[in-house]
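The same chain A turns up in both complexes below, where it pairs with chain B and then with chain C.
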Partner chain A sequence: MTATPFSKVRLTGLLLLLLLAFLLDLSTGTVHISLKEILRVFFSPATADPIGQFIIKGIRLPKACTAVLAGCGLSVGGLQMQTLFRNPLADPSILGVTAGASLGVAAVMLAGGSMATLYAIKELGVSGSWLIIAAACVGAGSTMLLVLLLSRRLRDNVMMLIVGIMIGSITLALISIWQYFSNPEQVKDYLLWNFGSLGGVTGGQLLILAVVVVIGLIVASLSAKMLDALLLGENYARSMGLSARKARAVIICSTSLLAGSITAFCGPIGFIGIAVPHIARFLFNTASHRILIPACCLIGTILLLLCDTFAQLPGTQTVLPINIITSLIGAPLVVILLLRQTTVHSW
Partner chain B sequence: MVSAATSLLNARDLQTGYRSGAKRIIVANALPELQLQAGQLICLLGPNGSGKSTLLRTLGGLQPPLGGVIHIEGMDRWTPATLARKISLVLTDRVSGNNLTVDSLVALGRYPWSGWLGGLNATDRASIEWAMKATGIGSLRDRKIHTLSDGQSQKVMLARALAQDTPILMLDEPTAHLDLPSRILLMRLLHRLARETRKAILLSTHELDLALQVADEVWLLQSGGQLRSGAPEDLVLNGSFESAFAGEEVAFDKGSGNFLIYTPQDKPIRVTGEGLTLFWTRRALRRAGFEPVATASLHIHAEERDGRPVWLMEQQRETREFDSIQKLLQAIS
Partner chain C sequence: MANKHRNLFLKVEAFHIKFGSILRPIDNHVDMKVLRPLTKFILLAFILSVLSCREGSAGKTPARPVQVPSSPAKSRIKFAQGFTIDYFDRYKEVKILNHSAGSADTLDYLLLPAGVAIPAGHAHAQVIRIPVQSMIVLGSPHIAQADFAGVADRITGVGDGQYIVCPVVREGLRTGRVRQVGLESGLNNELVISMRPGVLMTMTNPDAAFGGYRTLMDAGIPVLPNADWLETTPLGKAEWVKLMGALTDREDLVNRKFDSVEQAYQRLAAIGKASAIRPSVIIGMPFKGTWYMPAGDSYVAQLLRDAGANYHWSDTKGTGSLALNFETVAPVALTADFWLDVGDVDSKKEILSRDTRYEAFRAFRSGAVYSYNRRVNAAGASDYWESGAVNPQSVLADLIRILHPDALPADTLIYYKQIK
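Then we have the complex of A and B:
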């Protein structure tokens, strides 16, 4: 299971594509900024237009960086879940961590309802609020601890999968109760958060997100060998010396860190986690996680950058929520790939 | 029996079964001392539900014993990682690993030996190549797992276990789903591997006749959880096979080492003749519900005429001649 020249060529190709997607994302928006201007902003700031400079450095660059982090994290989390549960439909939200983050946010937005909360949201905006992020982190973190505790007591991964889905259901039910008793204004705020957003994560927030995602990705890379063994199922994995509980804990930790932090900062972003691993397997035609993990990072990033570019409707001032675009672009892509080959058949 | 000191695996007072909460479901609790010696091929036989898989999984370390001690090369405690260097398994679990090639799957056998990230060195590569050569799957190298036939994928799983390079190899019903030639080839391969690599090989199987031919030792598990072990021939002669499968409404025939599908019937018939023709004529008549005896009013004589078999049927001084067993059976039934 080593990287063949074939995979290296493809990885390099994707890297170039990533660079293009990144620049494209920087140049599109309500104000179009040319490639030349972008280069000037980075390499000779003195000669650049100050407004363009502000738009690029203050808004679009952080947004593109958030897209890179979210694209990597969600795709790798999805890959880990699909292998751990041997289920092509698994994605990072399957452990209930995403729902946990939503619960935290709902608790602040809906149940709180106090002047302080409302003031904080009004002042700082929905997605850029430290309060919202802190609430989502607490929600995601406590769900992750609960899942980890339960995972130590469960014998196999199928049970783990069911427990994860149940935790998610309970959490969403709690959110529904809150929504039911809240006034429409508050529910609308929550729904807006639920659409997901890559914008608004800047400065210190972006740094924290980057640190957590990088830690999650490092843990994921270290679990590549375990994931390979799990391809044969738990019994074979154990017969090869894998400690099933330890492996499960490491993988759950990594995915929870990735999905929890990204949901906390960007809101729930769907579809990347389920679609990208399939695209990676199709493009690289391998099962080795040492290749699939970097491949997922690249493809996830490219896809999310493109989605963010298309979210700015061409020729208009309207920006669609990122969650709508990921599904609109991701779903047809997966269907097209499935029509062309049989990856999912072979599960 | 060799002393426990030189055996690769030794299990004493073993109790197998499952824990379900605080409850214990015991599958076998009257097991004698079990030993695996280097270079030995042991077949674990027994009716369905007698606990073959449970015993194999317990010895292989996939489930903890409910009681007793297992020593593996002298150790009685081990981590999953050290155990994986002693015992490799071929299980009945379906493996369809998404996008996995034969080469990568066999390479996974090196898991207990490879580094943190699973990188393979020259020793690992050599083991993988040897395992593929020994099982004859070199030509399948780049095929995807889900495109293989049952026989091929069984060989691939065996190659993976061989690449794991352990002194003990255990296989749970490796011959299931295989056609007869593949079953024979697989058994012959395991027999040869035990001899040439000095591995101890333990396999559970329903292939009684094949087990009788290749096994150095047979462990015969009975429905109650009792186990009798010994050379296969000894177990045939002392009636262990008959009693192990007694009550299953099939009969074990000591004369042929086979199970009889047809229960003995009452219609007497006298059959004479010689050689292969006589053997197959008797079998055909048994199937049709006759019991060959020394004297009977109905007499079949099989003989060869001009290099072809001919059957003569004699009944009440009337003789008829047939040129095939099918016509003979139609006439008498």
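Then we have the complex of A and C:
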């Protein structure tokens, strides 16, 4: 299926919506900054109020950019998982990839708790963020590989899903052991990390995240054809000359890069990965990944930008952890969509 | 007279033998017969002091009471909200208060000298035999309190050795006299029981379920939440030394030292509050976009008021921290004159490696960044959390010297250092 005019119109509409959501996210917050002032910050910085400039360019813009990256990455990662396992409930966190990433971060934050390691990490400076991203990716990647190794023996999707959840549980248990033996300060840091946040990623870190997510997305779009073929069953895919093992490897790499890097920088962000692919299929009524992948990017970004806007409503001085908001908005959305259709289609 | 004292001495020694592990080396294996007159006199003085400490034992000596020095000084609590000490004829009673759950949940402790039976009507109280000869402490301020009362050498166990600054305890850890028993959740019950401490001090909030310590209490080890961190004023926090004084019968010394701490603090606070210029300050550093700022009723906010600082959140309610987003703090942070308590960082470069946005802060550019890590041990733990807890006057003096360089005679800072 190629991009129909119908799809093109909808994609363009979503793109406009995304721009609006982006502007909304930039213009709302605890401190009131008028739209005129925001325009001035971008187009004539010299005349803008320095505080407003700092808040827009230093705080809100990086956060909105992180929301765009995380929104794209998580929803495409979720789409890939749902197709690979042909299961509507699959998403990176459900199959233990996010837990694996958390385990990697916990290894750095908690087990690296021996003072010497912490000092070493401190000395590394910016490379400290590389260390965390690497640890999270190794954690996510190895968990996914384990899931896939087991998936070769288990043909049944439901069994596969259960196995994935079990692996996630084991991983979380390992983290709990670390937490139990770590001192309260480190555990608190880790718990805060676990709440998820779009606000802590700036400057060089944002650049690192952008590079990794873009690579993950490129790999994902290259795999669109494989994903389409996989939908028809592995035997069919093989008859088309596609090596199922190779396809899996590519998809795992892409998802691990996306989920691993986003989890490393923002903490685990739930529900975007599972909710957005369903919304995309519902809106575009297609199974073609060449449409679903950009659609997921747009919808995921819009959803996460809106979640971020709601997380820091004007009039309050605190910001709710993004993870709470995505679940609060994502879960009802999925329920509403399920109520409006009789079957989860396109499998 | 000497004979009577000797009898008492033997009694004390018998008590010590009975409770072998808490035996102090000083009063062990002393043969009275070979003592020279001067030594005899010193020993007599020592025994008299033992007598005076052991109110109960003194009370038990028959008929005509000896002219022992008057009973130990009593401590009166002026600032601390978290505990009370009441003095009775032969014992003391300590209550650890639980403000959020009401008085019904107060924890009750009887401080009984050796040999004194539990008074009636105190079935639920935990009994601590005083003077406490050995203790396990889980919090850094507890070590400072013991040091303040001159009994740091009675600490036989600590939670985690790497955070300790006190030389006496560090030496004890090195020689094995002091053991590590693990922190709250990882507390090694069996080790604690085998060490038979006179008391175990925890950092637990008395509100929290106390059930986790049931095993220890059943084993006869008194568990005392020493929650100085719940206090809302620096003097209230420091005043927990009086609890340590009551436990070790050192009220006299502790009261005297605390009075001078209090006077010094009030004198400094008067200087700080009277300052005409009030530099604006921000505290701490955000983590993952959330900035935990001390609330208006916290002891940090009180310190800042006493130091004559302009603290933007001084009028907020609450004794803990406010969880603010970066954006809320930013307008204040960008223009604040001073940036304090940035944590365990050593250089401005390190601050930037956490987040490059801090470069925009006025205090960062002007170099007015200070943290409480001047005195750190090899593992990076700061003495601010330890001895700083019982020396609020030194902390306040540091803050005044930072904020108002001309208000006090020039001197080096004690806990704070400039981050360059």
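A few remarks follow.
Everything that follows uses one rule, which is that the second predicted complex is superposed on the first by the 277 of 347 C-alpha atoms of A that agree within 3 Å, B and C clash if a C-alpha of one lies under 4 Å from a C-alpha of the other, contacts with A are read in each partner's own complex, and residues count from 1 in each chain.
In this section, contacts are C-beta pairs under 8 Å (C-beta built on N, C-alpha and C of every residue); 3 or more make two chains touch, one makes a residue touch a chain.
Computed from a prediction, not measured in an experiment: that's the story for all the values here.
When both complexes are overlaid on chain A, the residue A:Asn285 reaches chain B alone and has no touch with chain C. When the shared chain is aligned, chain B comes close enough to touch A:Asp228, but chain C does not. Of the two partner chains placed by the overlay, only chain C lies in contact with A:Tyr180; chain B stays clear of it.
In the superposition on chain A, A:Arg238 makes contact with chain B only, not with chain C. Judged by the touch definition given at the top, the superposed model places A:Gly13 against neither chain B nor chain C. Looking at the shared chain after the overlay, A:Pro45 reaches neither chain B nor chain C.
In the superposed model, A:Trp193 makes contact with chain C only, not with chain B.
When the shared chain is aligned, no partner comes close enough to touch A:Pro332: not chain B, not chain C. Those residues of chain B that touch chain A in the shared complex are 60-62, 79-85, 87-89, 91, 93-101, 104-105, 107-109, 111-112, 114, 116-120, 144-146, 164.
Chain C makes touch with chain A in their complex at residues 160, 162, 183-186, 286-290, 322-328, 330-331, 334-335, 349-350, 353, 355-357, 360, 379-380. Taken together, the chain A residues at the contact with chain B in this complex read 1-2, 88, 221-222, 224-225, 228-229, 231-233, 235-236, 238-243, 281, 285-288, 290, 343-347.
Interface of chain A with chain C (complex): residues 29-31, 50-51, 54-55, 58-60, 63, 115, 119, 122, 125-126, 128, 180-181, 183-184, 189, 192-193, 195, 197-200, 202-204, 267, 312, 317-319.
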